[in-house]
Amino acid sequence: MPRVELSPKDIAIKKPYLDWGLTEYEYDRFRTKLGRLPNYTEIGLASGMWSEHCAYKYSKPVLKQFWTKNERVLMGPGEGAGVIDIGSGKAVVFKAESHNHPSAVEPYEGAATGVGGIIRDIFSIGAEPVALLDSLAFGELDEAHTQHLLDQIVAGIGGYGNAIGIPTIGGETNFDPTYARNPLVNAMCIGVMDKDAIQRGRAAGVGNAIIYVGAKTGRDGINGASFASAEFSDAEQADRAAVQVGDPFMEKLLTDACLEVTRDHQEALVGMQDMGAAGLISSSVEMADKADAGMTINLDLIPQRESGMIPFEIMLSESQERMLLCVAAGHEQEIIDVFQKYDLDAVVCGQVTAGHRYQLTFKNETVCDVPVSLLTSDAPVYHQKGQRPARLDQPATDFAPEITDLHDTWLRLLGQPTIASKKSIYRRYDAQVKTNTVVTPGSDAGVIRVRGTKSALAATTDSNGRYLYLDPERGGALIVAEAARNLVASGTEPIGITDCLNYGDPTKPEIFYELEESAHGITAACKALNTPVISGNVSLYNETNGIAIYPTPMIGMVGLTEDLHSITTLDFKRPGDLVYLLGRTGADFNGTELQKLLTGGIAGRLFDFDLDEEVTVQKLALNAIRRGFVTAAHDLSVGGFAAALSEMALAGQLGADLQWDVPASYAFAESAGRFLMTVPAAKQAEFEALLGSRARLLGKVTAADQLHIQMQDADVQLTMAELTQAYEEGIPCRMK
Amino acid sequence: MKAAVLSFPGSNCDQDLLWALSDIAGIPADLVPASATDLSGYDLVCVPGGFSYGDYLRSGAIANFAPVMAALKKHAANGGLVLGICNGFQILCEAGLLPGALQFNESLNFICESEPLTVVNTNTAFSGDYQPDETIHLPIAHGEGNYYADPETLAAIEAKQQVVFRYAANPNGSLNDIAGLTNAAGNVLGMMPHPERAVETLLGGRDGLAMFTALKKQMEGAAYATRRA
Amino acid sequence: MYKARIYVNYKPSVLDPKAEVIKNTLARTGQDNVQSVLYGKYFELELAAADKDAAAKQVDNICDQMLANVNMETYRFDIVEEARA
Amino acid sequence: MYKARIYVNYKPSVLDPKAEVIKNTLARTGQDNVQSVLYGKYFELELAAADKDAAAKQVDNICDQMLANVNMETYRFDIVEEARA
């Protein structure tokens, strides 16, 4: 049964838009601003463009507070991705995107198309995509459903990234019951380009051509938020796929062709944008909007994979691997020839027009004629009022763990999936294709060299919903600080962030409070660490049966070093090196992995966090690395000292003999602003002079096959075999 | 002396190989598209890793239908050197230039890892700069690297000492731990591990370099021989 | 003993990049008389069951839960009774 | 117009890891009455040809050269004539 397009009057009466995610108020707003009853296509376009994904109608007021500019930022949020100057005439481009919902429905393809989408954002700026990262969160790994999701999501990420040939250099994988039915799948892509070749998604210049490039448009992906299933007969439903299938082969060709266009046809190319959420409509109308222009598109010219598609479907399809270009009039064939060389469809489908109207024709009829602004800047913005959740005002009493068997607790903690080795995950990603990867997954950050320079870029993704659940603001700041700590430990200076804001339903005041407060925390830390937000993405409504996930902003951060020698990894290098702990450790146990392990959940007031002190320690740590005092460095975060020390020993296959005059439980505290570092004896004096009281000498790296740590109330020996078993088997043994 | 690096739609290690040959090993090399029909003038033809044509049917299967394959087969038949790495190995098997086939890894998962290999045959144009039975470490990155050949074929391969590299800790289920082997004539080598990813200390090791230095010597010698003749 | 022959295919609205590549390659090698390509999976299961209906019920369940991804694939099967070997 | 229905399977001597996984999973979920699993590929080609023999010859060639790797796979097909649409 073909879709029936209701008449404007019937739309007003039958209100199909309610099923597409538009409210009664929004329909009225659209109609009033338009000055007449919208037709089926027009109101359909509104449902896509006025969705949270395109209009940020709930999150805009929050995102406004982000700090987005410093002297290095060449382009901030607003385009496909942000751009930062990295010297030597080069710039780094990066962005992250969430694909939580598609991955919950269809884990392999959902994750794969998430990767495909973020890659397009990067090359649409004109940058060569050089690295990928991911950030994953799942429920408890003992559940068969979680095992299936993990296996398939990882397969999907690898399936796309490996095939297209972009190395996945890092990521994170967290486990907590809060994500059991709502996994988080965030992907980040990094690109490198000449800084004077930045491309924007603009459709300027009356008479210039709009060119559609890439895969044909099908009916896949249009029954998301805006396309209610109630409208289909069962037979149609059976034929209709809820998800798209990614085609990395096509995207590889698309990447190469688009980069060739930006490189060799600068004078012909006016603007370029990928077709992401809300497909053709969002890319085209945003390009017109950014250039303050009008546009007309002839839908008969859009390459279509299926017959009988109506304008609504063509415009809102989220078929993958498609791009939209604006090309100077007269240069159309020149550009089409480039794409044809790569066996890709490229067709002129529209023009930039004078005035500000957005017009669509279909079978010689005008099916949409609205002001550009009606679909863009006229979208509603809601100023929600947050309400502080009660749990924050009545925190449980502080968790005060008593460690009776340090040996046993240590090994059990090390084997927790959130702490344990992620090797079984990242070994399924090609980390080295393009032969730039200096540090592969397994250390604090992935590091790639920048070809043609002496520089390297480090990158990390970090999140911790537990901290934010206990304190959204402080947790938000903590997570930015942790990301920066990872980059510093790798010997690079943090230069900027991207984010994915994964939250529940923003119309609930308590959820909105979490969103707003965490943005405060993120902003404070970004300013203190000099890491502006240059791009990002919002994923709301992460709820199951009305229960939201923990507020989980994901921070993707990039660091820079102009000296390859400063790159540092976490593995112990040589017996005899001195082991130092930087920063202060307190009785900080609320929200920790230890609390989760011993009590089954998290509760209490999140521990204090001194942002200024964090900045100071990070500066000192980076300074020490740059001056060549440090042979290995590792930040302390989830799992605290115990996790970090074990990782250093395991990675270097060397032991250590240490004394630390604090209670045994402190081995698991997650106090911020700390690093473990090893220093050759010859550098001891210089190192100590630089660090002063902020570094405490604990002992030495040894050739022994074990860690020996003497603490105030415990003396523990852990053999390499025990540590390996706990750490390496933590995830695989639960996957069986 | 000149090398060609073939580039199929979907190849993604072509630039890496080009870099290893020309910038690191000092072997002049060109990127040659799959649409080319002539490979004369090249002493060595390299078939790089990646996912040619998406590897959607079977890895390497569609690449066999590219125009350049006729020229590659001719080059090989004339005794020219051919090196296939990863997807290149798969393509050479599909094209019948090497015996056997590459199946899904036993675990069914893609594996990216540094693997210890034993160089079991140093009497080839590709491996002369390694020590007999030397252990080297090369990265692997593949989902379909599980070498299979029927029993007779396998016996013939072993009898003629065509195996050049064996895995020290078989990661993918390959029969006889085969990581790389030549054709009977010895001028065509296919291997799943990536020597081109192991030519710089900065990137974690240089165990792959000896393959390229051996090839360079071989080609220099050959070029000298041709000049004399 | 029953034998189930199961066919799993993408739904028509799903782009199948695999079939596309095969079709294009055939065309490129002069075989453009091949006008459509469908690329699916084929399974054969042998199973013991009380009767054909029971076998069908179990197979249907296996298809739905495991062999096909019903978000984007459809399946069909037939079942034949086999003589015991 | 002819339609070819093509089945490609591993040779019996080749262990198919994918089929093994399915069989083991079935056994693990209590369905050990499933005694064998074969996992193959299934293609449908529609092609114009002078007659059925010509179609069969071309399809056989496509299978041998492209759709199957005869080192480890076997194929079979049947061809039916289709009414023009």
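Letters A, B, C and D mark the chains as written, and numbering starts fresh at 1 in each.
Everything that follows uses one rule, which is that contacts are C-beta pairs under 8 Å (C-beta built on N, C-alpha and C of every residue); 3 or more make two chains touch, one makes a residue touch a chain.
Predicted model only: the values in this text are computed from it and were never measured.
By count of C-beta pairs in contact, A-B exceeds the other of the chain pairs A-C and A-B. Separating the CA-averaged centres of chain B and chain C is a span of 36 Å. As a whole-number value, the distance joining the C-alpha centres of chain B and chain D reads 30 Å. Across the assembly, chain D contributes residues 66-67 that each touch 2 or more other chains. In chain A, the residues that touch at least two other chains are 247, 249-250, 343. Counting partner chains per residue, chain B has residues 53-54, 56-57, 62, 65 touching two or more of them. The chain pairs satisfying the stated touch condition come to A-B, A-C, B-C, B-D, C-D. Only residues 1, 7, 9, 22, 25-26, 31, 33-49, 58, 62, 66-67 of chain D touch chain C when the two sit together in their complex. Within the complex formed with chain C, the chain B residues making contact are 53-54, 56-57, 62, 65.
Of all residues in chain B, those touching chain A in their complex are 9-10, 12-13, 15-16, 19-20, 49-51, 53-56, 109-113, 139, 141, 143, 194, 196-197, 200, 202-204.
Chain contact summary for the complex, chain A toward chain B: residues 155, 158-159, 162-165, 247-250, 252-253, 342-343, 426-438, 440, 449, 564. Contact residues of chain A toward chain C in the complex are 105-106, 109, 215-216, 218-220, 238-245, 247, 249-250, 305-306, 319-320, 343.
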